[in-house]
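Quick one: the structure is below, and I'll ask about it shortly.
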Amino acid sequence: MVGYAFMGAAHSQGWRTAGRVFDLPLTPRLAAVCGRDGSAVRAAADRLGWAAAETDWRALIERDDVDLVDICTPGDSHAEIAVAALEAGKHVLCEKPLANSVEEAEAMTEVAQLAAARGQVAMTGFNYRRVPAMALARRMIAEGRVGTLRHVRVSYLQDWLVDPSFPLTWRLQKPYAGSGALGDLGAHAVDLAQYLAGEPVAGVSALMETFVRERPIPAGASAGLSGTGGGGVGQVTVDDAALFTGRFASGALASFEATRFATGRKNALKVELNGERGSLAFDLERLNELYFHDQTEPGVSAGFRRILVTEPEHPYLEAWWPPGHGLGYEHTFVHQARDLVHAIAEGTVPAPSFADGLQVQRVLAAVEESAAKNSVYTPVQA
Amino acid sequence: MVGYAFMGAAHSQGWRTAGRVFDLPLTPRLAAVCGRDGSAVRAAADRLGWAAAETDWRALIERDDVDLVDICTPGDSHAEIAVAALEAGKHVLCEKPLANSVEEAEAMTEVAQLAAARGQVAMTGFNYRRVPAMALARRMIAEGRVGTLRHVRVSYLQDWLVDPSFPLTWRLQKPYAGSGALGDLGAHAVDLAQYLAGEPVAGVSALMETFVRERPIPAGASAGLSGTGGGGVGQVTVDDAALFTGRFASGALASFEATRFATGRKNALKVELNGERGSLAFDLERLNELYFHDQTEPGVSAGFRRILVTEPEHPYLEAWWPPGHGLGYEHTFVHQARDLVHAIAEGTVPAPSFADGLQVQRVLAAVEESAAKNSVYTPVQA
Amino acid sequence: MVGYAFMGAAHSQGWRTAGRVFDLPLTPRLAAVCGRDGSAVRAAADRLGWAAAETDWRALIERDDVDLVDICTPGDSHAEIAVAALEAGKHVLCEKPLANSVEEAEAMTEVAQLAAARGQVAMTGFNYRRVPAMALARRMIAEGRVGTLRHVRVSYLQDWLVDPSFPLTWRLQKPYAGSGALGDLGAHAVDLAQYLAGEPVAGVSALMETFVRERPIPAGASAGLSGTGGGGVGQVTVDDAALFTGRFASGALASFEATRFATGRKNALKVELNGERGSLAFDLERLNELYFHDQTEPGVSAGFRRILVTEPEHPYLEAWWPPGHGLGYEHTFVHQARDLVHAIAEGTVPAPSFADGLQVQRVLAAVEESAAKNSVYTPVQA
Amino acid sequence: MVGYAFMGAAHSQGWRTAGRVFDLPLTPRLAAVCGRDGSAVRAAADRLGWAAAETDWRALIERDDVDLVDICTPGDSHAEIAVAALEAGKHVLCEKPLANSVEEAEAMTEVAQLAAARGQVAMTGFNYRRVPAMALARRMIAEGRVGTLRHVRVSYLQDWLVDPSFPLTWRLQKPYAGSGALGDLGAHAVDLAQYLAGEPVAGVSALMETFVRERPIPAGASAGLSGTGGGGVGQVTVDDAALFTGRFASGALASFEATRFATGRKNALKVELNGERGSLAFDLERLNELYFHDQTEPGVSAGFRRILVTEPEHPYLEAWWPPGHGLGYEHTFVHQARDLVHAIAEGTVPAPSFADGLQVQRVLAAVEESAAKNSVYTPVQA
């Protein structure tokens, strides 16, 4: 695993736990974790349960005891590491967004396809597909319980930038993060929308905004940050919020919002789909619940029902606790690990693949292009 | 009152009740109701409590015992009736949307301004401003409890067109209704957004869609409906859904949605505002509740609180029932009647005025223009 | 109508509105209202729409233009007025609780049964049966959608006595109110439970408590209040809260709570019924919603659904507004007036009858007896 | 660890994870797991991550590499194992309920107190105290934000016995389980109530019921089950539901319900406390949320607020994910492991101690006594 911050800790919990809960065809072994700061990475290895620590990702990739490279770094290094790992014959799990540009994502996808021919798998880490409620929603849509889609609404609301004194971290710098709310939150929104709808977004019209354009540079920030370096203020070079509407190929309308300025909303990834036969609704802040309205029922007793997604018949749930005993955020990484191990063992293409990650990237690029061109409707590159 | 269908019944309940609940400076008298079908309008007069019935709105306007003309007809007749009534020296309450075009709304506003100089009042019937929770929200925003606005989200979701066999009524015909979800639902959304934000929408980018383009013509439909007249199918000439994003002058972002295809959503006018100091959220399906997040509180015990808007300190509530004894939809018309009577007695300009109605119309026109021009960002005419 | 305070205003709204909304076989006429203070009752008559005012209820009863006497006074006068009105040949609507004692209620019921033989109707004003969601719940239970009942839970939570400086009003004095939370709130809870379950409570075990035993006597309080009369403090002689469990004849268990000390709960009458085939849940603070869990559905997509009780197929709703346009508290009185007018016109026994009110009184008496006897299980008098 | 079924799996997840997330003064090592079936326990050891497997709990206790014995067996074996483990010098964690009788619990507590003098700790596994929302609630109550308590309401609703064909497992047999819903669910309810209130329940009045008195004996059931042994039906000898009211020493009233027949409620442990200064509410089905009403706020903007208990300032949360990224059921076991390790390292008495578990047992015994004596109010043994 490369990177051991928030995402690395979550992935580690996934790798440690998957085999303790699910029957896996292969047993994950936490071989080595990699980071630039030697003592910090060794501490992380101990804490998170990795057998070894490396300070150079190239060394990690060369290790014989590493079969799979899990990339949890900022987006600017994804392409280089992923390509190298695939070329070294490793399987790869790469955090989202797949890359900071369409070009990088295309290159990665090309390499992944060559690697697939050699039996390697490459997965993009859109973990929210593995919230049981979202997997159930996908299943219900595939079964026709929503019918012809009319509306897909996905908003991902957070609020950690509301305070103008929040510092200028790497996530607010375009060279590292690629984009702001768009790539961080909007990428999840777009992937979920396409996953659930079962079809790609065809075009978008977008508004993007940076509400707070200068922020204090954190003490000890590397010179790489634009600005005066350590003290003073620097430019925020990514978006604080992105709003976009769109059309699916089928004609369904989509509405997206990604923001870090929705005061009081902590991690509110809200999804709603309306179809001719029914509707589904979800809020990540209540991740064990899926709401379903069945339009085929008599109106006198119809209504949105709260499905508590904790029954053994629900995706992933048979392995967990009795009904009503909910799961949390990190379980998505356990499920991701489980599914990836199955893909490796069975030689199947994992979902979301790098190609799926590339498709999301193309939607994000269309969003940025539309926002730059006065919101004009912009088709997504096919 | 001109018109006595759904809206007319709701207005009648407002007029009958206002003086029974509030201390009014003038006593409303239900003088006469007008409709084209003589026996139907007489039955409506008896049922709804109007002293007389007329079949020609010009006759109604000329009655000496009529001081105020309340217009509850489809949008295509608003301008003609309102202008005539104002010129005849009557006060006017006109249902929303104010008109079917900006030009009509401009003419009406001009006449209303001349009439105002003669002491007449002219009000647009955006009744949702008079939901106590919305009036409270406006008060809290004016007091600074939300602070610098970042996001305004308003969606108005209904589902009564989901079934493709729903007939082609006047509401689906552009000549009568002007537009579809946009003018019916979007007008409310825009008025509320501007009322709450305390500033106008400056520009918009829009997508509009008609999902079901042909519908059965209802038996007995007048020849005026396009199509084969009575039986057969006809063209739907208005939008089923309109999605638009926008900017306020202050830089806050807005997201709007109006649709009649949100399966399972019956009357879900949902509002959320996020500001630097707090957030407010509302859903018309739970109209006695306002949700407030106070960002100035310590994070450890902060959260969206449900204010049950039934306390005597809340707008309009002192006159009603004890705490927790909720109001319903029609109370907005009682409050509208109350406020209009006060404006007449006190010679003040009512809110929303015709000018406010015109401003909404200009936003709707910009939405239609943007949708026709590939969603390009379109400034609202100042 | 006798009494014109909060309840009188609500009843007046019911009488004024019923014929404007529903097709009634008889037209209610608001003949006269009665109260002890002449100028106050004349003002109330004007405000509420009553044609005449009386200061002696005996005079009201003797009026030829009065066919129905609606009793909205405190419980200590119910028996005397109702009996006199029935003996004078009038129909009677009596607010709940029917009386302050079982003996009074028995006498009233006996007189009502004699009067019924003469074609008079006598109804107890348990208005919450006429919340559309509660009428729908009853219908669904009668249709078997809940199945064999296991649990009935009703709590009625208010908080207006939390502040110890709240004054000693008549509602806190046993001679006037009979009891406290028990008769005021518990009576509603018991009536609803029995109505929904379709069977009587067979026995109870109870705890009652008066948390704040002395309160300030309001300025100008009549000498009738125990204590020092105007200023000073007086004894609270009723219960602040009553908790009781019970059994229905069928073996279903019941849990009841009535309190005026549930801080933050304003009018939270919460009901839940669990049966072998399904469950229903309701909260009066969201009175347009009924929650239903259908146990006969596959578990994978089962869950409590929110039925928005605003569809034309729902009880009372055809006469009101389109779906999603909710009703409020006072509509229960409109529905009560409608149903009572039908009972009078059709010569049927209204529900709840005086006998139903007596049955509730017997449950309340068993609660008081159990509480006085160390909570021992106490059968309800048959 | 003794036992490796549902509870054992949950405890294992706690032990494996605590040191990966929290900074612990000691490092837990999963030495050995014990069960009667040799091959099954070896498979469980592999699956759950235990180094060794034992088939005799006495052998487990004698192992030198075992410092702490974690007891996850049915209640009938708790006393014997816990006493032996403590006498062997081990620390003990014992699942709730502490024992199947007060006598056993008293003996265990006595032994634990002797062991404490030798530096051993003994904890009862009431894991729900370690839901962050519950720990936060306790902190807020201790800080005075609820004030003088008036009401404590705890209900624990499940529905897995609604179907009469559900088999007669050990949980439905008094010799193994001690009691039914009372000991399984009611024990949690009572512990939480006492923990949150900060004082013991003083007395109770109770109703208990077994709705379905015979159930099919599961194929292969051991002869120990009453009935015909494998096939046929057997007697249910425990309660399906227990309802009880009570008083705290301070005079606050309590209402409890434990049932396995609340159709549609899967794991609904609902808690509400009302005090003079505020109220708190919680539902385990939404375990990341705590609702708080602050009565000291102006009524105009007061209301129950939803605290999303995922902030770093919240109990246990600093070690986990960013705000809004919720935890699940099993995290309570991670927190339990963390706190127990701290107690061992620091030589403090863990909470809940065996004495706390005994106090709960005494409340349950009073419940059973009251239910057997016609619900008469029964003081809890001091």
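In this document, chain identifiers A, B, C and D correspond to the written order of the chains, with residue numbering beginning at 1 in each.
One rule holds in what follows: contacts are C-beta pairs under 8 Å (C-beta built on N, C-alpha and C of every residue); 3 or more make two chains touch, one makes a residue touch a chain.
If you're wondering where the values come from, they're calculated on a predicted model, not measured in any experiment.
Scan B-D, C-D or A-D for the interface that duplicates B-C, counting it as a duplicate when over half of the contact pairs agree by residue number.
A-D
Measuring between Cα centroids, which chain is at the maximum distance from chain C?
Taking each chain's C-alpha mean as its centre, the farthest from chain C is A.
Could you compare the number of C-beta pairs in contact for A-D with that for A-C and name the larger?
Between the chain pairs A-D and A-C, A-D carries more contacts.
Between chain A and chain C, tell me the centre distance in angstrom, where each centre is the average of that chain's C-alpha atoms.
It comes to 54 Å between the two C-alpha centres.
Using mean C-alpha positions as chain centres, tell me how far chain A is from chain B in Å, no decimals.
40
Report the inter-chain centroid distance for chain A and chain D in whole angstrom, where each centroid is the mean of the CA atoms.
Those two chain centres are 36 Å apart.
Would you mind listing the residues of chain A that make contact with two or more other chains?
265, 293, 302-304, 308
Which residues of chain A touch chain B in the complex?
Touch residues, chain A against chain B: 150-151, 153, 155, 159, 162, 205-207, 209, 211, 241, 243-247, 251, 253, 255, 257, 259, 261-265, 272, 274-279, 293, 295, 302-304, 370, 374-377.
What part of chain C is in contact with chain A in the complex they form?
136, 140, 145, 292-293, 298-308, 311, 313-314
Where on chain C is chain B touching in the complex?
Result: residues 6, 10, 12-13, 16-17, 20-21, 47-49, 158, 160, 265-268, 284-288, 308, 310, 321-331 of chain C touch chain B.
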